[in-house]
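By letter and in written order, the chains are A, B, C and D; residue numbering begins at 1 in each of them.
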């Protein structure tokens, strides 16, 4: 059966024949392998054009910033999965990136939409500040978290966010989205009644959108970056396995509070 | 319950406190973001040390080589999954990389083990050629495919493989694994009775192992690279959806040959 | 770091010691294995109580209804993934169920929320019809599809939906949600300007909610059911492989329309 | 490009037209929905024929036995993934079943192959005992675990295994594979120098193969069963979230032993 009314039948990313592989119109073997860095290639794949040195530097900075932050849930998931299924490293990576969601790690895209909404609303005689205030208030009324702000560990300020804004300044790419990101951080204490710092997932879309990276590709940045971190953890897991150690500790942290026969003792709590 | 006898309780990749994030012993914010390229960071994450310029160039070349090759199964899987579940881009990426397996895309690691086996066997008075011949013969007897050789489209030679060996030569990193990879290509016609060309999944471990990249991290290279390609396809899928078009064509290519009432006509074949 | 303010530290589903495994307070070995059907066990796991015969029959009917519908996208994804990575059947199943999303297969939950919204709004002097009309109009204004209605193949009526409503009638479980599901089907032509039939993903929540199955567990029904269908396809794929045949046909259905050197011929279109 | 030499172009599982859906040659709506239990439908999907009451009962028993065992790694992975990405329940289920691997949960298939190997070798004048001894010795020489034996918690005997063998006896389906499973348990102390009890993953293939369920479908049994357990946990996770509580405890169990500046204090250890 045919689902939907899709009649687009083409793709513009890559094609090939026996001798030549074209990627975004370029000869992969002759022009790209050995010439481009992986970051430049990623920009080319996503956008269809090569990045400027400044664009490349901003994209590199965001990928480095979000690749690794210790034994966070996605890493634990990945290492536990490899411990249980060592025959499929790809399965352990897949399990890990499934945690790149709206709450953790994947909020760069939501933050990008948030910044873009403010940017789009600030036209004519609506100031940036008025636009920001009205969008933030709408999120608040809908009881939605403000994406890109707040961090469970770095309460005084996410040092990665500050560094990314610095890279944007150094490369002369900082523009309206960075301005909005800073502005919202200033406005939040008054609107929410408490401060909430710009975090790495808020800084990533700010600097990337200003550099010309597309909104639809934002979620790809933490996904690609974290894949690198997961692979490093899986190489370590093969050498010193901690997946089941973590799982044991996690289970012990939770009590069973369902029905049980009198005198029943769960084994983990004795 | 505690599974297994794991008593390792530590990790050496990353730690943090409220002010500082350490990655491989370095201050992420001060020393890495804005300084390292993503490729250098990936090497650092996996190995614990920074790559030399030559090592970085070889790793970049392999990542660029394997990131994208058109509408291959992993890409189709990813785009079909996004069409069905647009709320979770991470799910579409995960589905795609689950196809980075032993048959397609994931064979770099198997090829790396194959090359390493030959390398390890060629000691003392066993020549490389004798070692290669005996290992290939064992694979043949076990009816296993020779990993890293043969390609369904590029029968006259995978142009990506040749280019990667060239990069290894240009960076003066080519060594024993590249030598083995070439040697096996020369020996195969006599042993198998037909030529089988070195493909990109054979060249990747050859140049990376020679450059000092670890065997246990080899599978991470196609996984990371393909994630970049999948993200590009998912950005395109959001703009021009072909997931269900491909699915419709795929279903039409297959007949139903089970039992059916007399005169029953499947809808897709009328 | 600790994410969020979760202070719940308990679970009520299962615990065990060396001799006994408790599931929902019952002795798994003594009371459940060999006594319960899998469907009864699933109901017990999700709700904490055993189903009545009528509840079991309704849940069985929904699971049977949605388990299999030929070479749909989730099945293709699963078979292509096994073809590429035969070492990990679990990866092929996971890839398939990642397509159980908001557009295809996973809409039972959205339909359940839609029916529940109407049910909740019809209180006091608001008739069911008024409640249904206002909720449908809101979906329309938000340009959202009406979940649980319409089918690309079964345009005259999804025969599975009619059968499920019959099972609800036969078991005397049909109630307000089934009434709403039928009512909406009657109202849609006038509101949307065209008829849209109740489909299996609309009938599933209607009969399950009336039978007392919880809204939060609705998405589990197509997920569990389709897992059964995927496994059957993967058993067949191991015996007669069509994953790459489908992939080849899918790729041929799509043209490349990016840049290319003059005279370049893609191999698949010659 | 076309991968491999697959020329099979048909499937025998399901087809449909606008009015009728055929599953394994039967009319889904008229003959299966409301008539079959989900377990019978699963057997029909996998094998193409309906099960006898005894076969259904054995399959039900195995599915009930392996569906749930508390906060095991696959469940933790699933709940952590939902906590991070609540927008995609299918992603949390997929992450969980990716841990149905060769070490944990997925060993039913390996155990089935092990039992079948012994069964196939015991022909002519080779006794079952001689066949079992030689196969076990080969596993030992290859330093492979004996699949289906041993359990980290139930050291005195996995009570689920004993119960499954009882169900096989009660339904008169117990045959040669059950005999082999028991025989190996008796032989292991002498061969390995220590006792190793038959576990649930060894009993499942023993009773299913004797009941006529196919070897190629064995891995589907823990996969389908655990999906039911995961769904129950995800329903609970939506109501009382423990995903990040478990993750916090897991991270605290692991020390960082990489390089660090003098005096650096990780936040989780203070």
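Keep in mind that, in the parts below, a residue touches a chain if its C-beta (ideal position, glycine included) is under 8 Å from a C-beta of that chain, and two chains touch if they have at least 3 such contacts.
In this text, all values refer to a predicted model and were calculated from it rather than measured experimentally.
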| item | value |
| --- | --- |
| Fewest hops from subunit B to subunit C - one hop per pair of touching chains | 1 |
| Duplicate of the C-D contact set - from B-D, A-B or B-C, the pair where over half of the pairs recur | A-B |
| Result of counting contacting C-beta pairs for A-D and A-B, higher pair | A-B |
| Chain whose average C-alpha position is farthest from subunit B's own | C |
| Distance between the centres, which are taken as Cα means, of subunit C and subunit A, whole angstrom | 28 |
| Separation of mean Cα positions, subunit B and subunit A [Å, integer] | 23 |
| Centre distance in Å when subunit A and subunit D are each reduced to the mean of their C-alpha atoms | 34 |
| Residues of subunit C touching at least two other chains | 1-4, 9-18, 20, 70-73, 83, 85, 87-88, 90-91, 94-95, 98-101, 103-104, 106, 153, 242-245, 247-248, 251, 253-254, 256, 267 |
| Subunit A residues within the subunit D interface of the complex | 1, 16, 70-74, 76-77, 80-81, 83-88, 91-92, 94-95, 98-106, 153, 242-254, 256, 267 |
| Subunit D-touching residues of subunit C, taken from the complex the two chains share | 1-4, 6-21, 23, 28-30, 32-34, 36-39, 41-42, 45-46, 57, 59-61, 63-65, 67-71, 83, 88-91, 93-95, 97-101, 106, 109, 153-156, 159-160, 162-164, 166-167, 170, 214, 216-217, 219-220, 223-225, 227-229, 231-236, 238-245, 247-248, 251, 267-268 |
| Residues of subunit B touching subunit D in the complex | 1-4, 9-18, 20, 22, 24-25, 27, 48, 72-73, 85, 87-88, 90-91, 94, 103-104, 152-153, 253-261, 264-267, 270 |
